[in-house]
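Before I ask anything, let me first share the structure, which is written out below as structure tokens.
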Amino acid sequence: MSDMITRIKTPVRLEYGVYPGSHYTTYLNALAQGRFVGGRCPESKKVYVPPRGASPTSGQPTDEIVDVQDSGVLTTFCVIRLAFPGQKMKPPYCFGAIVLDGADLPIYHLIGNIPYEEVRMGMRVKAQWKPRDQWGPTLESVDFFAPTGEPDAPFESYSEHL
Amino acid sequence: MSEPLSAPYLLQFTYNRTTGPVIGRFLTGLRDGRIEGVRTKSGKVLVPPVEYDPETSEATTDFVEVGQAGVVTTWTWVPAPRELHVLKTPFAFALIKLDGADTAMVHVVDAPSESAMRTGMRVKVRWAQERVGYITDIVCFEPEASS
Amino acid sequence: MAENCAIIGIGQTKYAAIRKDVSLPGLLREAALRALEDAGMTFADMDAIILGTAPDMFEGVMMPELFFADALGAVGKPILRVHTAGSVGGTTGIVAASTIQTRTYDKVLCIAFEKQSESDAMWALSPAIPFQPQLVAGAGGYFAPLIRSYIRRSGAPEDVGMMVAVKDRQHALKNPYAHLHVDETMETVRNSPMLWDPIRYSETCPSSDGACAMVLVNEKIGKAHPKKPAWVRGTAMRTEATFFSGRDQINPLAGRECAKDVYSQAGITDPAKQIDTAEIYVPFSWFEPMWLENLGFAEVGTGWKWTLEGKTKLGAELPINASGGVMSTNPIGASGLIRFAEAALQVRGQAGEHQVDGAKLALGHAYGGGSQFFSMWVVGDSPV
Amino acid sequence: MSQPIAIVSVAQLPSIRRDRTRDEAEMVQPIVTEAMQKIGLKQADIGFTCSGSSDYLVGRPFSFVAAVDGLVTWPPIRESHVEMDGAWALFEALIRLRHGDIDTALVFAFGKSSLGPIPDVMNVQNDPYYVQPLNLDSFSQAALQARAMIDAGKATERDFAEIVVRNRRNAKSNPNAQVKGDFDVEAILAEKTISSPIRKSFSPPLSDSCVAVVLASGDKAKKLVKRPAWIRGIDHRIEPYSLGVRDLTQSVSTRIAAEKVGVNAKKNDIAEIHTPFAHQEILIKEALGLDSSVVVNPSGGALAANPIMATGLIRFIEAATRIHAGEANRAIVHATSGVTMQQNLVAVLEGE
């Protein structure tokens, strides 16, 4: 007998549809208009970005849609130095958690316009929107967040978002 | 409420599987133009071979070569093949008990029409010209009489 | 009055980046047979099988418990398949123990596995889904910011993460089943590439093929067993949402409450004193100090001191992950059950070279998702 | 002996072909809330929560995590998940309740069958070495079994059509059913086959839905509702994997489970059985040993509504609903999993 078969390749190829729910759709549509929106929990009054079908603390939908700012505080981050498939930026680059002004929990996005070794927790950042004709129902309407140059937020002001 | 957003999403991946000794030996046999099954303790010949006897859960180790033709034990005619089916023209899926085997294997039958199919009919292997050690080294089965 | 649950069989595969010699069912079979042999039993003796694994997409078989019916001797029997993300291995053990404690079954086989070499973990864990934020961070991108937060909050020196990696890899050298057998030093960790700053390559877990199985039985069978069993003294699970306003992601309440629950069942009031060793789920080295605090071993903000002072090494005060832990072996779906099994090995005195002397009470811990799913058990060398 | 356990509340999102506006949390939230609110409970009153679902329906890993976002998880909850039909989630919850330290459990299942190519998705349940490369789709899987039954003299295509007509007529009174009405046997038989002898009408619809059940034990159950649906027995079994080694005209695992729970120890009023394809009803009725007086699938069954991964749990819901209302006193529940019903669960519910 010649060499034994020990490995085989088996493909899987299935095409699905993706339909973001109504709360998330509201968020995506706002991004297509160059805005960020959140949804307010009717009990805790906290603003969720994106809005949610259920607030984890009350179980109720965050149906009250409110505008939040496109600037906020970088609460924490990491520097990605590893190359992997599907990557949009060339390592090293920075990725972080941003609590937008008016929101009560962070969103995650890239941090740019600053050497990565100068990125700090508490830094004030603002969305760098793509040109208007490139806005769409996606967070990619924003290229990245960049420092505003304002003074850093004190640790205590954002420590509950870590 | 505006139109719901939607987008297609392709779940696509090619798995790289290790076969272990039993499946590997069966697939090696296919590559070499041979069909092998395993004989269980109770004397049953399982084709295709499974690693563990469904009746006793014992590991199977006793390989036996079986025939390249056999009997259709049940079947279904697929008049409009789906994109992922291996045959592009109407065909049958069938369970086929090969000569010398006690269990049936799933494969496809290339028959001229549904009316050519019946339970109990004899079919034989049509080998691929180039074989690599994969279940589709058997391109399909075909009615024995039509050869 | 709940039935006591005894662990009388433990089986693990040799873990590796790729197990080329076995099929998918063959991998599970290896662990299952070793557990049964340890228990002096066969598949025919089992009343039911509880199976755990992480997403089906790792192996590309939907609901693989169906596929494994023959390999696990399940034909004609009940088989249940649990999936609670990274904590699934732990949950598998807990559900299995529950079936014994509630006298639903007398003897069960529980098994968890992952054969990560069949696919690509990065793909299977985070495919690019439309409308979702793009894959900009990879697997460690989620946890690296949390680790930075922990470092900032606790003031821990940078060395701590490296020390955990060195300690766990040195422990793994004493565990014949461990995937990574490397002579790790502070230098090798420091010199390894920075992947997700502050996480270096050597401060992350590997991707492994492997399975782990246990045979769990009722008190009567456990007491009659010739080898010393481990006894389940408490089990607990807790869940909280991935993201909500005010969530403490570094020290999640779900983990704290889960620990409190399992300790109270086991009569533990001072875990650091009463627990002899713990197997905790540490996929990135910094999670050791974080979980030491979350589990109540160390005061909040001081977990890193335990590592720094060498208290978590084999032979020291509270050996953590004497087996080498997830840092040395990580078949994702099995990793939780391996923690539970290693805890059981310790109280049975069966851990071989990585045995913690005189271990009588041990904790097994698993977590999953965004630090949101927790499962834990405490095992002892005697029943309640 | 642990306390008896009962279904005390149920809720269903009506099955529809495509739900394009709700994500997992938006499906789960209203339904679990409804199931709890009906009996005056909220998440904090629930001792244990367990769900059933499959990632392959959605096409992405950890889909259950998104469903957990539909729950109140603060303070943290005791929660688990099975990658199986919700009927098995109910089984896990039942075992958890038997500990006796808690007295309520929430079980839910969600199925969005509209997102992927289900016939091909179900091929991923097949043997990855021998069968997956051939793409044995769900219609063809069922057809191999239906043909075997015809060949064995157990049924005819007309029998299949009559089963479809009866189920979909029953579904007319089911507000949650998707395909219902008066259908014609001859018209069904005149349909083209997809995988012969399977026609579209012999097949289940594909549905999007989410369903929930609240379980309670002993006195708690009696306090919560007038007439709990007591789960008197529950058992499930599996068969060999390969199609070619099984007798596809028998449901051996159903028969074992039925014996374990004592299906025919008393007179049964109704049976809710999980038989997506028409021919499977014949198999399961036979394996359960039901006599002709038992009303099978008064809800219309899986042929009327089929949110995959929730369809089995719906059988519990439909049976319990009739017991709660006093329309039935003893009901048999069946759920299935796997290619050509490899794994089967049987339970007995009683009102008294």
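Per-chain residue numbering starts at 1, and chain names A, B, C and D are given in the order in which the chains are listed.
The rule is short, and it goes like this: a residue touches a chain if its C-beta (ideal position, glycine included) is under 8 Å from a C-beta of that chain, and two chains touch if they have at least 3 such contacts.
Since we're looking at a predicted model, the values are computed, not measured.
Chains making contact with chain B as well as with chain D: A, C. Looking at contacts between chains, the pair that accounts for the most C-beta pairs is C-D. In terms of their C-alpha centroids, the spacing between chain C and chain D amounts to 33 Å.
Measuring from the averaged C-alpha position of chain A to that of chain D gives a distance of 38 Å. Put simply, the C-alpha centre of chain B and that of chain C have 39 angstrom between them.
The residues of chain A that reach two or more other chains are 6-8, 10, 12, 14-20, 22, 24-25, 28, 56-57, 137, listed in rising order. Contact with two or more other chains is made by residues 20-21, 56, 59-60, 69, 71, 73-74, 116, 120-121, 124, 128-129, 132-133, 240-242 of chain D. For chain C, the set of residues touching two or more other chains reads 20, 23-24, 57, 59-60, 69-70, 75, 124, 127, 129-131, 240-241, 244.
Under the stated contact rule, the graph of chain-to-chain touches is complete, every pair of chains being in contact.
Contact residues on chain D toward chain A in their complex (touch as defined above): 20-26, 28-29, 33, 42-43, 56, 58-59, 69-74, 114-117, 120-121, 124, 128-129, 132-133. Against chain B, in their complex, chain D makes its touches with residues 20-21, 59-60, 116, 119-120, 123, 126, 128-131, 133-137, 139-140, 143-148, 151, 192-198, 240-245, 248. Residues of chain B that touch chain A in their complex: 1-2, 4-19, 24-25, 27-28, 31-32, 84, 133-134. If you check the complex, the residues on chain D that touch chain C are 2, 49, 54-56, 60-62, 64-65, 68-69, 71, 73-84, 88, 91-92, 95-96, 98-100, 121-122, 124-125, 127-129, 132, 235-242, 252-253, 256, 337-339, 342-343.
Chain A contributes residues 8, 10, 12, 14-25, 52-54, 56-61 to its touches with chain D in the complex.
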